[in-house]
């Protein structure tokens, strides 16, 4: 396509001007401190501590205040929480939780199980490093089937 | 089993049939193009999608209304907040809920920050596809600041699950407002640097100017939405023309394609509309932070909401255009049908018809300029 | 499951810093010193003198004379190959470090202090990796392709000077020889592209063929401008025609040469497949272009040719336009004086040779840094724009410079002082441009709140 | 122009082929006969006062109880800022709706998706192929009565659920412990914290 002389020279001028600015910006960044941090071992403090409090990492259950209401089990869309409750053979009024497993490999950390918990026993920690030898190790077991923990009863006036 | 797609490719003459994908550095996710090339010039590029199909719409019918919210994040993980809001608006209209003012403002703030982050990834990866590798880390550096802000707000960097039916999950944490304002001050000085670095670069303008032009009628006819539509000259923005949530209270300008580097509706317009849109969103966040009203952030909603039978469509102006959630309820606690109509799906439809005559390098530029994201196409 | 956080290594251990510095300075300098010592001695005249005096035979008659000369040349070839490989390796590390800093990230810093030993690790990895041959690839051509490129790259060192007397063979047609030999590299790329039986590689091969062949023309013509000004094709001759001070360099002595340098530099970028002309191995389009099927040592050879040609390209440009090894303030007659007449050159001469090598290496290295810097700033050009740029901008520009130089030489022969005037004027213009550029860069840094020049953590 | 006026105009044009506007439970819609849908769409797009040039969404809803698959059209006009929702009902056994690809090019891919996930044939569609699923996939997933096969080309899509597995192992260990010391089991020791179990 025929280009007029001014257009020809204009192209050359634009090219030079735009290269000039582009090069000066990249050079200016070379003289500045990089912002990347070298995870995992050369960070000034462990990354886990730099995360904000609301970070949704692995789940953690405080078994002493778990009322065994299975609200979290119902709220989880992928059903990766599994609980098993039984009557305590010694005193029938007390219920025992024999199985409380959370399959963290399937969990998508959406936080829907934390909200309905009446006593807030299930919470997100700021732990996220989940590499394991086998995927079965990612199933966290919060109740020992041989020594089930008693269900917490909220005091009436509390 | 001979693929049906190859039926459309006439193999009489000696053109080369190329598999451009599904694993290819510049297809922005798992998308495959059967490309019929004559030397460098394409005869036709036929998109072959579906590699990332998880049938989220079928899951929507099995999981209850609140349970589906985390799945909406995974439809378009680069702009998850909009998917949340689209679904939330649809279900709230079914349940006839009135979302409190403060919750609507918080939604607007989170969405606009998310739009900036999504556009940053889009223009950064577009510059990298054209060959300039350096702008990509700069874009991601700014996105890191936004990710940290949103992580402090709702706990996740990509799949937020921040919105709930009837409002928002958390309120602004301590000191978040000032952190956000300092980020916005830093961010505003970035436009002139970004322009000088890449937008006005002569090679960049030459590579994108006048390439794969989509005319105004073609854009509407093929159902393009969002920045792709505005770049072709159609002045339509859902936030301003059919305001939902708190957008009626904000004043912002909507950039429309003006043929900055050649023709209206070419790849450069689609790119530069996104750059300007980012800085318009920054203004919206600033206005929203100043006029943030007091009040509670979520309406009381039963654990298993049962909306009465009916259907509705929640429309939201996402980073990739108008995202619409069509929810049909039949009175039970599970949706009868959840349909997510996304902008990228239709953008794929137009590629086959405007790709003849492009070069291989232009096909890369076209895919990058349409800003398609594979999970949003396949859902 | 938390990762145990070893305490942050405050500073890399002393011995590692020492080792890295030893290798970083030692290796290249030792190779250059070997070249410095070896090249003058292995001149045919010196060999005959050596046979006559030390061995007491008559060189013309002695049967082993040619064998000795050949052995010397093989030794030089090995040393030069070593220098090309070491330079190629070091520039891979430098490019990754510069790319990192320009993209505000750290870049390699694990192997050795500042990550310097990463290129040795890469070389070792390339040796250990399996260099597989694709199933339907054309075996013979597939295996032979890297060696075409390697030969093309190494032969250019024959006429590339290193110092005043340090040159393998000062051919009378030096510049012409280099242009001819670099064409071999494109044969290697084409053969690699075709023989790896992959459509992407084929794409890369054809693109490279189109690019390198069409950019040899502007390179050849703009190369003629310094040849016209120097009146000789031999590399040393061109350098001797230029003086040490900047206003004596060809690039400033003739305004057309100033333009010719940029044309020459652009077309050399295209011939070495460097951004913005890296179409043959465009990552975002052709995955890896012509060497996408290569792995292991064969890929290493391609990598060596790509980074080694950085040196060749810059050395050529420095020789032609920037006064090669000329030491400012040291005139030609002083070279003859310091050489003296004795068959074996005096130590002062060796000292001056080392100084000229240092000047040459410094100038070439700055130009290499500019080439690396361009790669991380500019986007890639499209193939039709590349051809358009070559035939519509560079070739006419080169012809214009060529004609202008003819007239300029007539003017200079009439009024000798105009050459000095143009030299001083243009070098001042260049100085002002550089100053403006640095000020602009400084403004970029301080325009962003809270940023300042900070070279820590290299 | 509100949706009722559009509906009136449409009814005036096509007469009995257009059903009544549904009471606005959430979004009103009107049902159109299958054979007249292309004319209705062409009318809605062409007439100057309507110009519904944006085919916002074209999808389907499966109603097994009414043995019907509804194909839903959401149409919108950028110039006049109004829109309407049309529905076409076809029976579930062999659903077929004439393709509106001629009216809006956007419908091309959406109809292919409905064909892919619901099995609704669209005669008149230039290139009716499955868009998301592989070409040799049997069945249409979004139908309510879709039975998921146990894999595709031998690739199973079921992973053994570690929770169920662990519960079975617990039963065995509890049984053993009960056998080992039948009298009252040892008092319940506090629960072991998140100790990854050694898989039996």
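We just call them A, B, C and D in the order they show up, numbering each chain from 1.
Here is the rule we go by: a contact is a pair of C-beta atoms (placed from the backbone, for glycine too) under 8 Å apart; a residue touches a chain by one contact, two chains touch by 3 or more.
These figures come from a predicted structure and were not determined experimentally.
Enquirer: Is the C-beta contact count larger for A-D or for B-C?
Expert: B-C
Enquirer: Could you tell me which chain lies farthest from chain A when each chain's centre is the average position of its Cα atoms?
Expert: With centres defined by C-alpha atoms, farthest from chain A sits C.
Enquirer: Centroid from C-alpha atoms only, then distance chain A to chain D, rounded to Å. What do you get?
Expert: So the centroids are 31 Å from each other.
Enquirer: If you average the CA atoms of chain B and of chain C, how far apart do the two points sit, in angstrom?
Expert: Taking the mean C-alpha position of each chain, the two centres sit 46 Å apart.
Enquirer: When the centre of a chain is set as the mean of its C-alpha atoms, what distance in Å lies between chain A and chain B?
Expert: Comparing mean C-alpha positions, chain B is 24 Å from chain A.
Enquirer: Where the centres are mean C-alpha positions, what is the separation of chain C from chain D, in Å?
Expert: So the centre of chain C lies 62 Å away from the centre of chain D.
Enquirer: Residue numbers in chain B touching 2 or more other chains?
Expert: Within chain B, residues 134, 138, 141, 193, 198, 201, 203 contact more than one other chain.
Enquirer: Considering chain A alone, which of its residues make contact with at least two other chains?
Expert: Residues 11, 19, 21-22, 25-26, 29, 35, 132 of chain A each touch two or more of the other chains.
Enquirer: Check the chains against each other and report every pair that touches.
Expert: Pairs satisfying the touch definition: A-B, A-C, A-D, B-C, B-D.
Enquirer: Sort out for me which residues of chain C touch chain A in the complex.
Expert: My answer: residues 1-3, 5-6, 8-9, 98, 100-107, 109, 373-374, 376-378, 392-393, 437, 440-442, 444-445, 451-457.
Enquirer: Quick one: which bits of chain A touch chain D in the complex? Just the residue numbers, please.
Expert: 60, 63, 80, 82, 84, 89-90, 96, 98-99, 101, 103, 105, 132, 134-137, 139-150
Enquirer: Spell out the residues on chain A that touch chain C in their complex, using ranges where they run on.
Expert: Result: residues 3, 11-12, 19-36, 38, 40-44, 46, 48, 127, 129-132 of chain A touch chain C.
Enquirer: Over in the complex, which chain D residues touch chain B? Could you list them?
Expert: That would be residues 25-27, 29, 53-57, 59, 61-62, 72, 74, 78, 81, 85, 104-106, 108-110, 113, 117, 127, 129-136, 141-142 of chain D.
Enquirer: Which chain C residues qualify as touching chain B in the complex?
Expert: 99, 102-105, 199, 203, 206-207, 275-276, 278, 282-287, 376-385, 444, 447-449
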